[in-house]
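Letters A, B, C and D mark the chains as written, and numbering starts fresh at 1 in each.
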Amino acid sequence: MRKVRVGMIGHSFPGRVHSQAYRDLLAHSRIGIEPVMQTIVGRRENEVKLAAEELGWLSYETDWRRLIERDDIDIIDIGTPVSLHREIAVAAAEAGKHIICSSPLAGSKAEAEKIWRSARKAGVVHMVPYPLRYMPAVRYARKIVNDGLLGDIYHFRAQCCPKSNDRLGTSSKRELLEDLLAHSIDLGRNLIGEIQEAVGMKDSTECPVGSMNGTTTSPHEEKISPPNENSSCESMNTALTALVRFDNGIIGIFEVSQLGKGFHRSNLIEINGNKGSLRLDLEELNTVRLCLQDPVTGKGEFRNIDCSDYEAPGDELRKLAGKKSGYEQAFVYLMHEFMRGIHENACPSPNFEDGYKNRVLLDAIKRSAKTRTWLKIG
Amino acid sequence: MRKVRVGMIGHSFPGRVHSQAYRDLLAHSRIGIEPVMQTIVGRRENEVKLAAEELGWLSYETDWRRLIERDDIDIIDIGTPVSLHREIAVAAAEAGKHIICSSPLAGSKAEAEKIWRSARKAGVVHMVPYPLRYMPAVRYARKIVNDGLLGDIYHFRAQCCPKSNDRLGTSSKRELLEDLLAHSIDLGRNLIGEIQEAVGMKDSTECPVGSMNGTTTSPHEEKISPPNENSSCESMNTALTALVRFDNGIIGIFEVSQLGKGFHRSNLIEINGNKGSLRLDLEELNTVRLCLQDPVTGKGEFRNIDCSDYEAPGDELRKLAGKKSGYEQAFVYLMHEFMRGIHENACPSPNFEDGYKNRVLLDAIKRSAKTRTWLKIG
Amino acid sequence: MRKVRVGMIGHSFPGRVHSQAYRDLLAHSRIGIEPVMQTIVGRRENEVKLAAEELGWLSYETDWRRLIERDDIDIIDIGTPVSLHREIAVAAAEAGKHIICSSPLAGSKAEAEKIWRSARKAGVVHMVPYPLRYMPAVRYARKIVNDGLLGDIYHFRAQCCPKSNDRLGTSSKRELLEDLLAHSIDLGRNLIGEIQEAVGMKDSTECPVGSMNGTTTSPHEEKISPPNENSSCESMNTALTALVRFDNGIIGIFEVSQLGKGFHRSNLIEINGNKGSLRLDLEELNTVRLCLQDPVTGKGEFRNIDCSDYEAPGDELRKLAGKKSGYEQAFVYLMHEFMRGIHENACPSPNFEDGYKNRVLLDAIKRSAKTRTWLKIG
Amino acid sequence: MRKVRVGMIGHSFPGRVHSQAYRDLLAHSRIGIEPVMQTIVGRRENEVKLAAEELGWLSYETDWRRLIERDDIDIIDIGTPVSLHREIAVAAAEAGKHIICSSPLAGSKAEAEKIWRSARKAGVVHMVPYPLRYMPAVRYARKIVNDGLLGDIYHFRAQCCPKSNDRLGTSSKRELLEDLLAHSIDLGRNLIGEIQEAVGMKDSTECPVGSMNGTTTSPHEEKISPPNENSSCESMNTALTALVRFDNGIIGIFEVSQLGKGFHRSNLIEINGNKGSLRLDLEELNTVRLCLQDPVTGKGEFRNIDCSDYEAPGDELRKLAGKKSGYEQAFVYLMHEFMRGIHENACPSPNFEDGYKNRVLLDAIKRSAKTRTWLKIG
């Protein structure tokens, strides 16, 4: 069995879920590649030593540059803060390592482009692991769409809210919303196609919006004055909305907002076509809500489809038949596709191109929210 | 008990439901006014005679002008096609009759304004019976909003689809969508407040939008060429979307579309605030989905609130305790408010001003879908 | 049009809903019989006079015997307390009046049998208006069962709870549960068939059942000692459960209990067959939850079927297309069937035979809960 | 860190999920014991060699007896067919190994008792891994019950159906149902308490039960004649129902049946008390449906509680905050408790005593279905 040696940089959230995927891969994948958990990198020795033991890595390092120099590493797995992505990814590509880099790929369009260009030039296999694409429900939804069961699609909607206990500082609240929007954009591109134009709207105000009880303040979108002392109000009412048109003419609506929807993370996708409709709540990983129009009566009703049994043709995954997958399971599927890419020397989905395009769209939406105009993409 | 004598023009859908409301009013209302079902008007004598018998009217006429001349009629109930509203309503107002006129009040802003002005000038009581306002779930939702249970509201959404068996000709399909949008606008104004600006989007194309199978045609929004032969495609993909900002700064999204949502009429309302969220499916007349944030944990979950028991303070309605209301019941509540208006010589809600304002907004949304710009209202 | 003159005895709950059905019948029924609301009877003149005015009756009486003597009355509608049913119904039958008598038909098997026998002997048309049979969802469920869509049925379940605000004295709590069970039994007989044997269980105790916190008291089902001072505990824990076998071998489970299920009235029916399953929540009057097994995959999922459009073949009802019915609407359908019975001189469903058989079953279940044995029915 | 060396017998379903739990344990558990995946046993060398590689075992054997003799094995994990449990478990206990043995513990009460006795005598730590106890929703439900949030509990219900694609031979269909019932019984005992008496009913017939279309055959429960040629019918209609009374007086209803409930595995639990109700659908691993009665209004509505965040006090598990767990995750929790047991030399829950008691109850229910009488347990 072919072995590929992994060096992972970081042991926070991405490091933990990727480690589990490496550990469990061989029990679930029939690709025929075994990832060897060679080395994990962390800055503080005591912490990275413990992480290596808990997560199952054979050794550890404290300097990521050392990792890239080593000959016994085939894959660099980047789970660091975004600000380090460009430097590490470019170095890894130039050293000829395959790369998996956590989303978002980069903090700006320029950096994302540079990373993507480096990987292409080096000819290495690359992936940005947007996990939603690999949830059982999303994989099944993609099949429904691609098989044409919904007929001609004319409408896509994504609504997303963070959880009430995603408690972050004001600046990172904005980053959180943007990150959620990037994940929704990625799903829209994956399920429907590329986007040609967009208009964004900040559903937010720098000061309290109208209470129903009387005194209301009119919102100023381009306020120049110093930030409001009542800093909590800004974060409370933050939201981003975008209307888009896909290349194929389909209309899309994206919404992320700080509040509402049960004060729990909700992540809703809706796809409407002339023969059927489909809904996903991405907090229910294994269920698609599907409505197909009866060709005779013209009626249809939504049903909950349990997707835990679904296996894509040729996916070579070994699943527990009929058992519900958890969040971590999506990373096994992702890693399986990454290994397939390495095995077949072909870029898996989603890759750095997706990371770049999602960044471009996000920036365009934010810009158009200021200009209040539709903007062409790309 | 004070008696008021009703003359009704028309015996199609509005005539039937209004007749039931008149018949059942005294069993449910404690206002102390008894509507006498004096005369019903229809053009064809054999049909209106039968309708009088079935619906419980004491007599019938075949010319609405005759009705307005009569001294024994206090109320004119207009259930005719929209094109006749202006002529009848103005004549009724000038004759000093109280008026209830089916929605939409008029086919244009100018006509709606004329009707409203006539009624005001004559000092008569007037109503446009938007029945959604009187569904048990909406009445209860209004109380929740007004009591401040949702905290500061920042977001309103209305989504509406006709039923698959609302099968109409191409022109009336457009009218149907516009009518549905008017009902949603009315609810938005009723629950949240007046609207200051809007941008509309026709989510529709004159020709098929993208199938997922390859060939796609780019849409032309301002097509001048003659209508497509494939006339079915136009109607299939029609939709109207609008983003609005309410006077109090709250953001609103309105969507009506021809397809999707289970191929059944669906009529969803969502209101989000910083202390809670509320959802209505107006096909479930007696249920509010409510989520209130726990002040300690910051969490909340949606619950289905059965509103069939709800009685507004001082509404003087006699309900069947705990029994679910049907569609017709909303008209009893509407008529009860109309009778209260006559009794107290005060305009009930919703009235001709609402009919006018809803028309103005609908026209602005359609216009901005062509100009692709935000438009100020009023 | 044939006219039949109704005399109604009582103006509490049954009187109010029956009055609405009489008022609205002609607008919804094409049978061709017009019920004339001739006279209403109440003991206290001031109250019955007001009721006549509010509910639309032409005249009133204070003595029910006077009503039965009159020649201008064709139908006696009995809406009195159960204790009066036998005397009134037998007198009405002997006077040759058609009879509609509120459920339960009688307080004992002997009385129910006497009433049924009198009506049969007199050859009059009779009905016990169990309204559940006429809810849109139940009418549609009956069609699904009768059309064989569920395949061979093997299991029926009914679960029912009163609402938390059905606040009654201790004795009437027991009556309430028994009445709810009688309604469930009637539905079981209507949807599945006659019942051949049953074993009942009182899920209740005269004293508090086990708390999870430690001290528990063992229950005594046949306690002879005087009633517990803590009278609230008895009513709190009352429940009746029965296992039955229908004539066709199908298994049934009936449960009514004082608590649980959301502290709201719930009334659930479940029918399972080898090709499909069906669920009703009778608080959702217009919806059937249906699951049909796909013949190829062997899978199936539940869908919510909107039954508000459903019209049984030949039912000659005029409905508001696609509008949701309320509780009162079921009585229009019931009365329509009663009128059809009178028109065709045939007993409608459900009739006094059903009232008798439901009583017999209820008594058997209660008896077997004491004997702790299975009992044969009939 | 203390290391314990595991020898696992079998590499089918239990072997696969237990292997994943061993691999992932250290990443999720803070107990401080590391399970070393020493040796896996399978009869066919080529298969067990591959399994060792895929599942992460250091070595393999083909004879389980060899494993028990070895000094470098601390734990025996039994994942063989039930018929081998007794022999292996007794040998392992006598060799002083800790034991985890798949459910059901044994095929008969006598064997189960022998296994339990051996383990107790040897003083080893033992577990029967009923995974339902460790689903996030069940763990949270147990906390709700134990905290008294439901008040005095009076009613427990468990309903369970296998999936339509659990396609097995006729004999194993019966075993499947019995196994499902054992899992429900275990949950009932875990959530409510021990059971004092039960009456079972086989809701099944050896021949087709009534179709609604006419010809029906009366069922014979104790049929002696040879099995029906139409062998599919037997399996189709198999079901087991039991009424029980718990030691604390609480009433319980258990149902498992071959059909119905959406033709998918469903596993519903309902607990009703005088202050609240709780529902679990064990196919939704992370959600509790909870209804708590408002102390003022007496009303309550069901809410979906997301339990993915829940951590029991002192459970020392490291979870992915707010991420939904899958089926495999329950085994990590189970194994964590087994390791805690070994660490503290205390028997974890559930253990061989539970395996024995569940067997006793299952046998009593089957016997009482033949005698048609209530039976005392234990």
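By definition in this document, a contact is a pair of C-beta atoms (placed from the backbone, for glycine too) under 8 Å apart; a residue touches a chain by one contact, two chains touch by 3 or more.
Molecules present, by chain and UniProt name: A, B, C, D = Gfo/Idh/MocA family oxidoreductase.
Quick caveat, the model's predicted, so the values are computed rather than measured.
Farthest from chain C in terms of Cα centroid separation is A. Looking at B-C alongside C-D, one finds more C-beta pairs in contact between the chains of C-D. Averaging Cα coordinates per chain places chain C and chain D 41 Å apart.
The mean-CA centres of chain A and chain C are about 55 angstrom from one another, to the nearest whole unit.
Annotation: 36 Å between the Cα-based centres of chain B and chain C.
Chain A has residues 165, 264, 301-302, 306 in contact with two or more other chains.
If you draw each protein chain as a dot and join the dots that touch, every dot ends up joined to every other dot.
Residues 1, 13, 16-17, 19-20, 23-24, 26-27, 53-56, 163, 165-166, 264-265, 283-285, 306, 309, 320-329 of chain D are the ones that touch chain A when the two sit in their complex.
Chain C contributes residues 145-146, 148, 150-155, 164-165, 193, 201, 203, 205, 208-213, 216-219, 236-237, 239, 241, 243, 246-251, 253, 255, 257, 259-264, 270, 272-274, 277, 291, 293, 298-302, 372, 374 to its touches with chain D in the complex. Here chain D touches chain B in the complex through residues 301-306, going by the rule given at the top.
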